[in-house]
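Taking it in order: structure first as structure tokens, then the write-up.
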Amino acid sequence: MADPRFFVRSGPFALGALAERVGARLAEGVDPARMVVDVAPLDRAGPGDISFVDNPKYLEALATTKAGAVILSERHAARAPLGSARMLSAAPYLAYARIAQAFYPAPRPEPGISAGAHVDPSARLGEGAAVAAGAVIERGVEIGPRCVIGAGATLAPEVRLGADCRIGAGVHLAYCLIGDRVTIHQGTCVGQDGFGFAPDPKGHVKVPQLGRVLIGDDCEIGANVTIDRGAGPDTEIGAGSWIDNLVQIGHNVRLGRGCILIAQSGIAGSTVLGDFAVVAAQAGLTGHLRIGAGAQIAGQAGVMRDVPPGAKMGGSPAVPIRDWHRQTLALEKLAKGRQEEDP
Amino acid sequence: MADPRFFVRSGPFALGALAERVGARLAEGVDPARMVVDVAPLDRAGPGDISFVDNPKYLEALATTKAGAVILSERHAARAPLGSARMLSAAPYLAYARIAQAFYPAPRPEPGISAGAHVDPSARLGEGAAVAAGAVIERGVEIGPRCVIGAGATLAPEVRLGADCRIGAGVHLAYCLIGDRVTIHQGTCVGQDGFGFAPDPKGHVKVPQLGRVLIGDDCEIGANVTIDRGAGPDTEIGAGSWIDNLVQIGHNVRLGRGCILIAQSGIAGSTVLGDFAVVAAQAGLTGHLRIGAGAQIAGQAGVMRDVPPGAKMGGSPAVPIRDWHRQTLALEKLAKGRQEEDP
Amino acid sequence: MADPRFFVRSGPFALGALAERVGARLAEGVDPARMVVDVAPLDRAGPGDISFVDNPKYLEALATTKAGAVILSERHAARAPLGSARMLSAAPYLAYARIAQAFYPAPRPEPGISAGAHVDPSARLGEGAAVAAGAVIERGVEIGPRCVIGAGATLAPEVRLGADCRIGAGVHLAYCLIGDRVTIHQGTCVGQDGFGFAPDPKGHVKVPQLGRVLIGDDCEIGANVTIDRGAGPDTEIGAGSWIDNLVQIGHNVRLGRGCILIAQSGIAGSTVLGDFAVVAAQAGLTGHLRIGAGAQIAGQAGVMRDVPPGAKMGGSPAVPIRDWHRQTLALEKLAKGRQEEDP
């Protein structure tokens, strides 16, 4: 179970209620009143725990689990041991995620402004919002109901947050308008000047950055991320996008809905990503590109051209991922051939 | 126009005054008393706005712009529509940058120490300097006139700032001497220990890092950048250098004047860059290299050898950029050949 | 010598006492009572300074040094000039590191809680601990004796620090248990949610991250690093590991003892590194890998498969480093051949 110093567990819950909550159903014969007290992975779960299996490579672990209940798809149902109550779902991991959220809801600090916070009198806080010690809320800021502002976070003048946002410790927000239910983790910086200047040997001259950052509802943004504000147009993060740690987003970038950007990837200025595009770790996209909806960019790829919707790209410079694998194999064979020639 | 909640516009300005201010001249017949009220891109500008064209690929947008005035070079002057007053400049983007600065000067908070700032009594602040809430100014710090210190920024003992610096929210400065007119954006860390230790299986032993960070005048440094202090010699950032977000600069690195380091690039310890060298995004330079003045390193390149002045390098390991392009093409052809052989 | 505004020097020390302190011995004829006042590199050292030579490429500098004393190995002893007292060590750089620490011990602020710090009454501080202005110590935190907490650092509820830790300015710690003598530099974030969600077109669903971050004794962690907490298991940093700036460590990652992770490298979730593994700058490791003890991953490598103990890997995708060099050469030759064919 999770360390109780850090995590407060809710429950127990009846299987029937959980199934209803997540849109799953119990297999025949399972008592909907049967209680579970915690979530756990298959190999560590006990009779009071609910677990799940989604990836077939865990079917072996399923066979020997001691979990009191298991969420799984119909086609795997027969593989569960007799002692485990089966909860059937077309998307077991999704159902598990929601059940884990029921057991471990995000902690909610006492509403109100901590004694050590610095809040400008012109700022407006929604009902139930909480501001931790050391946070700085500047002139004209608007914070929606039930938002949580972490220790040492700073909100520059006129920043807007919707409802139920969670702003981590040491997050720095400026020139931005943020939707509802947005989570931003520790140390992330939003809204600083984009990297815009007119190069000149007598001294590069800054071009004022006159846009904002717009972040849609339900986004999750990691730690020590940087999102520059637009140069004139805005930088936009589409609703439901997930951004991992240490990602760089340049000015005027536009992400569609549900995009996924994995750690240390970077998107240069004015590039546009369609809905549900995925950029894997340490990949880089140059500026002014159009990346189609659902495109997938492999880790460490270097994308320098537009990418059609749904395409998978890899390598640096990036090519369709099959071509990249072919290149990798061809180079391996070439090098081996040479090795035989010149030992 | 820029969101007035975030941006305060100056002006209007007469075209004649603006031309004089930026070293441009008005075309024949343009009334120097004609006023403009804002800057805007060609496609969104109206009769009150001034715009610019520099890159020939925007000549089409020029033909149909409704901008009241356009900055452009003599050779493009005939392409402007009749309604747009022409301001002639050999460097239109540079002129535009300066005019945009006139309309949108950097905001200047009220001078003085905010109630929520923590300033050691031994620190000295120049006239007109402003320190925001939550900032911490430690023993012996000297801050020049008109500097702006953001919310939650921390200046460790004895740090020096020249005049007119702008230190963003949550910037952490230690062991550094900073010139005039330096801007550092949110979350950047300057002056922590370099990565220096004597490896030992019984426990790596730290080598005290006894140098400083020296930052020249007119530098611009992005968000969440890291600049380590020197190990004995200093780490030096030459005057007028521009550093983008999430860049890493190791101990003893020396940048010449006007260097440009783009997002997520990294320079390992003791490497020296000549004046106006450019390192593109996600490129890495190993330690103890000499990179000549004006050299250009492509995105994601991995530089492991000295680079002569003016050279352009790409690839990992990096080679002259033409060779890199040749390698890329050769590998593509090789993979296609193989594909035909082994379908 | 180091800038006395920033560095306070101890000493002078007698050579005999220093040799004893670091397990070295003085060459025949050296007076153990001879004093030295500072450390310096060979080419800048004067008669009062002690220097060292380890890498043979500095033997030339040794020949002409004016250092009063030099630490070096027996086989190089004859190369030192007559005026320099020789201190013999099998590991000169290690001995130098310890002597430099004697001259420049890490600065120790006055113990106690600064007036501008925010410390929850339930937090417990060990004897001699110091908390700087702007730091926020939340409910239930335990800080060991002689720890130093920097300006603006934030420690979330229930965080534990052992003895003699140094937490830099603006470090953000949550959900973590930290050993003794751990140093964390400015801006680093520990313990935020790992990147865990069930993807869904109707909105990705967060999987609660129920693990912690465990950091062993004697670790050194750079600036603006991100270390996510575990998803259920913990994220673990083995004792004596050194992590450079801007490194990303995903959830459930386990580092063995003495690992070295260089700047901007990244380790994806659930990957395990054996003792003393080294990951060079900008390298990336995908998730769920096993990297053997003592393995070395080259800069910018992209590791997608398990790596055996002691192996050296390079390239993206990574291969044994010799194969990578062969591939690099083969590609160079191929491109040159093509160039001759199609000029």
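Chains here go by letter, A, B and C, matching the order in which they are written, and residues are numbered from 1 within each.
Methods note: a residue touches a chain if its C-beta (ideal position, glycine included) is under 8 Å from a C-beta of that chain, and two chains touch if they have at least 3 such contacts.
Source: prediction; values computed, not measured.
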If more than half of the interface residue numbers appear on both sides, call it same; otherwise different. Which is it for chain B and chain C? different
Suppose a student superposes the Cα atoms of chain A on chain C; what rotation angle should they report, nearest 5 degrees? 120
Taking each chain's centre as the mean position of its Cα atoms, how many Å separate chain B from chain C? 29
Residue numbers in chain A touching 2 or more other chains? 134, 152, 170, 187, 224, 246, 264, 282, 300, 316, 331, 334
Residues on chain B engaged by chain A in the complex (per definition of touch): 2-3, 5-7, 39-41, 91, 93-94, 96-98, 100-101, 103-104, 106, 114-116, 132-134, 150-152, 168-170, 183, 185-187, 218, 220, 222-224, 240, 242, 244-246, 258, 260, 262-264, 276, 281-282, 299-300, 316, 328, 331-332, 334-339
Which stretch or stretches of chain C touch chain A in the complex? 118, 134-136, 138, 140, 152, 154, 156-158, 170, 172, 174-175, 187-189, 192-193, 195, 197-201, 203-208, 210-212, 224-226, 228, 232, 246, 248, 250, 264, 266, 268, 282, 284, 286, 300, 302, 316-317, 319, 323, 326-327, 329-331, 333-334
